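Here's the structure, in structure tokens; my notes come after.
In this document, chain identifiers A, B, C and D correspond to the written order of the chains, with residue numbering beginning at 1 in each.
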Amino acid sequence: MAVFAPLADAIRDNLKDGDTVAFEGFTHLIPFAAVHEAIRQKRRDLHLVRMTPDLIYDQLIGMGCVRKLTFSWGGNPGVGSLHRLRDAVENGWPHPLEIDEHSHAALANAYEAGAAGLPFAMLRGYRGAQLKEVNSNIKEIACPFTGEKLAAVPAIRADCAVIHAQKADRRGNVLIEGILGVQKEAVLGARRAIVTVEEVVPDFGRVSPNACILPSWTVSAVVEVPGGAHPSYAHGYYKRDNAYYKAWEDIARERDVFLKWMEENVLRKGPDAFKRHAGRAA
Amino acid sequence: MAVFAPLADAIRDNLKDGDTVAFEGFTHLIPFAAVHEAIRQKRRDLHLVRMTPDLIYDQLIGMGCVRKLTFSWGGNPGVGSLHRLRDAVENGWPHPLEIDEHSHAALANAYEAGAAGLPFAMLRGYRGAQLKEVNSNIKEIACPFTGEKLAAVPAIRADCAVIHAQKADRRGNVLIEGILGVQKEAVLGARRAIVTVEEVVPDFGRVSPNACILPSWTVSAVVEVPGGAHPSYAHGYYKRDNAYYKAWEDIARERDVFLKWMEENVLRKGPDAFKRHAGRAA
Amino acid sequence: MSHYTPNEIMTIAAARELTSDDVCFVGIGLPSAACNVARLSHAPDITLIYESGTIATKPNVLPLSIGDGELCETALVTVSVPEMFRYWLQGGRINKGFLSAAQLDRFANINTTVIGPYDRPKVKLPGAGGAPEIATSCGEILIVMAQSKRSFVDKLDFVTSLGHGKGGDDRRRQGVTTKGPTKVITDLCIMEPDPETKELTVTALHPGVAPEQVAAATGWSLKFAADLDETEPPSAAELKVLRDLHRRTNEAHQSQEARGAAQ
Amino acid sequence: MSHYTPNEIMTIAAARELTSDDVCFVGIGLPSAACNVARLSHAPDITLIYESGTIATKPNVLPLSIGDGELCETALVTVSVPEMFRYWLQGGRINKGFLSAAQLDRFANINTTVIGPYDRPKVKLPGAGGAPEIATSCGEILIVMAQSKRSFVDKLDFVTSLGHGKGGDDRRRQGVTTKGPTKVITDLCIMEPDPETKELTVTALHPGVAPEQVAAATGWSLKFAADLDETEPPSAAELKVLRDLHRRTNEAHQSQEARGAAQ
């Protein structure tokens, strides 16, 4: 059963140095508040997994929390580069970063296989693609009926998954609506899971019988953090803050500007700083 | 794009003698009206696929439409045997029936793999289970990363899938709610698909963005058949007719009683016979 | 003490094995009755899962089929059947599985496939359903079934689902890491696998049942524990929950049938 | 004739490749603009699919990211990302895929991974995203990208996604049965693979563009078709659709940014 906890406690109890951790959310519902707490708690040596590293992993990498990155598309969507990710890969700053690079299809399947308790995922993928030459985590299997060769990648079974959702009910069940990404799979494939939510409600009311709901007993901790996905967005609550994404280009390009910004906007702040974004603007 | 058609046309145009066909619906939304039309049109030599053959396959088998059956649980739920299925397997009446018998997990995965365009499904299944000794469609593969042995079964890619759903909109998009079974997978894995629906509506109104919807272009034909799942049920429309299921025990036990019942209740009837069950009793 | 039937003590003894912390995969019939008695008495927060995809369902009456509308209407959420078998069962999210069978052997392997040879069946039984993977993917397995020489057999006609295989560590040797059957609850007694050999051993007799009676209803030379317990008889409260559930179920199904007939 | 920019004719020429019958997997940026111009003009019933899981989406403004809220709000349905890649893309349900890239070679293979060696990158590009499997699973591929010697290169630094491989039947030899790139639409011209060799060949020049200009913007010795067409210039109606779309997009993003700044 999920416990309701303050964000600092949830991160301290469920995310350890050296963990493989997936902070997920596909453009939508990216758990910024939880990432900022992990940075404040100075987690180190993390193996980050995420299809689209986005600004959150640029921040974690730049702050020296990360040893290894598993990913499939590492840009600032619609804007350009993730400069901290590039600085780590191209120049080893703040320290070298091991990369495990895939396609979206491979990682989406790897999350799915993790949720399904399988050791690996198979896909008709990577044909003619060079990533399989540089990543030993891409292998091949043959169909025992047709002989067709398919690509195989290890399932993602994180030590900890962290996601943001719209609602939890009082029992700690979690409701996600809109663009679902791989969050359900990330949580079901992980040993521990933290969910930050926009709000805790008595019950979900009249939702579809087939809604995306994570039962309380699949989640370790639920934390109410209104606005906790900002500058990403929460369907039904607030829109994506495109200006923040565009501004990140200039914030992240230079190391000292980045560090100063993180000091002011993350290290000296707490989860309450997200509240002002929680307005029902959407 | 789906065409709207009368039931007789939809079956004639999309279901051929010798086809591999999956009439699906897991207890809920079983496409009885469509099956009865296939029986009236005297389809022959069918390879039926279905997790739970239920009364519909008892009827098709007893009427001599079937060459082979792929299934995982062949009983009358909560009542007992499927006597026509048993008569075919035990006594070869009306003619011998080839069986391809699986577990639910294997068939559910096989449908999933079919929808995913894969040649086979893998599962941690059949361990210590004797079905793998008698069914050559159960093989083994090894995880290329861990060496773990997993079961493999061929994906289900039917020539034709037939399902019943609650609603279609005017463009032929299909909405399914409640117990979803494997219907989406059956349709997406099939070359052709027929969907009978309780009603055609202008649009689906306010449904969850994550509802189970099949776009029009994944469906060959949509047929409005109110009550078309009776004696199964349609969530939001009418309940399961348990009395019919219980009565089937006596109807199906003897060949002549069965044939007489089918003559009166199926061969001499048409899709309109289902209308009286379509009341909003649920 | 209340009067009760063998079927009632079997169902209630099975229900007692469950707690509010359990996430339980429920088969139709006896398992469904036992699980819902538990939920309606001492285990109100138990999570019941049916293979139709209904998670945390709270039916007010017992379903006739595994996918009755009541299961979906009272569930926290209903997922597709592939998701049920992939994410929930195979994903290791379910700690107890509740099975029944046509035949069971001394190592709690079960047959629901066929009587007679597979290729020339005397009786074709319904088949595996979810059982083979429930038996290996759930944390542990409870089996509830009425006892007779016809059902508790020396040798299964067909091994549909793995119990303890050939005994000892056979389960593990077949690559299965879950516990397997930990109790078999019948209308006469409760059996548990021997910690070493895994052979089923009677550990408790229901009140008024003699060991000879149990032995006579078993197709192999059945072992009895040295310190044989007596099953606690059903309490008035337990019986009331069970009987109310059956009464509601019968009323619901009959009123429905009456409606059906009137149409 | 209307005035228009090279970017505008590129986008509009790309849009013309689409019809109402298409089910199209849309990349962000130029592909997204082209697909929505098609939808808002001659192909109103086109099904646009973004990898965020949004199916049959009809955004009123162009999304900045692949998963903007607008895409979900205007979609027929939104599925999970694993389902998108398994059932829809790999399932063979999508007949056209629209890609762009950092580098492209004469066989329309593309690189979005790295400039320089993979192990010692000069520039780490964002990476593969959905492209490797879009390139092989969609019925055919359209590529839209601005042309320059830096992007149209003799040899890719890295083959992220398969075009026609080493040419000829190389695609089929690699086990891929879909058509692959059938057109490359740039700001200067339209190229198509030679039916035999699969080498990209200019088949149409945009109005006012000289062959020398195209050759000078290409890193290999570019082939031209004997019967070179001239691209139909954008009509006033086409330009209005494109410009209105960009205007609405800018207004929406600016008003949002203003709101963001005010908070």
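The rule we apply is simple: contacts are C-beta pairs under 8 Å (C-beta built on N, C-alpha and C of every residue); 3 or more make two chains touch, one makes a residue touch a chain.
Remember, it's a predicted structure, so these values are computed and weren't measured experimentally.
Chain C and chain D have Cα centroids separated by 57 Å.
Centres computed as Cα averages put chain A at a distance of 40 Å from chain C. Spacing of chain B relative to chain C, judged by their CA centroids, is 27 angstrom. Looking at chain B, one finds that residues 117-118, 123-124, 148, 178, 180, 184-185, 209-212, 235 touch two or more other chains. Residues of chain C in contact with two or more other chains: 72-73, 78-79, 86, 90, 137.
If touching chains are joined by edges, the resulting network of the protein chains shown has some other shape, matching none of path, cycle, star or complete graph. Applying the touch criterion to all chain pairs gives A-B, A-C, A-D, B-C, B-D. By the touch criterion given at the top, residues 28-29, 51-54, 63-69, 71-73, 78-82, 84-86, 89-90, 109, 113, 118-119, 121-133, 135-137, 158-162, 165, 170-171, 174-176, 253, 256-257, 259-261, 263 of chain D touch chain A in their complex. Residue ranges of chain B in contact with chain C, taken from their complex: 26-28, 51, 71-75, 77-79, 81-82, 85-86, 89-90, 101-105, 108-109, 111-112, 123-131, 134, 148-149, 178-182, 184-185, 212, 231, 233, 235, 239-246, 276-277, 279, 281-282. Chain C makes touch with chain A in their complex at residues 23, 47, 55-56, 72-73, 75-79, 86-87, 90-93, 137. By the touch criterion stated above, chain A contacts chain B in their complex at residues 117-120, 122-124, 137, 139-141, 143-146, 148, 150, 152, 154, 177-178, 180, 207-212, 235. Within the complex formed with chain C, the residues of chain A that make contact are 115-118, 173, 184-185, 188-189, 209-211, 213, 215, 217-218.
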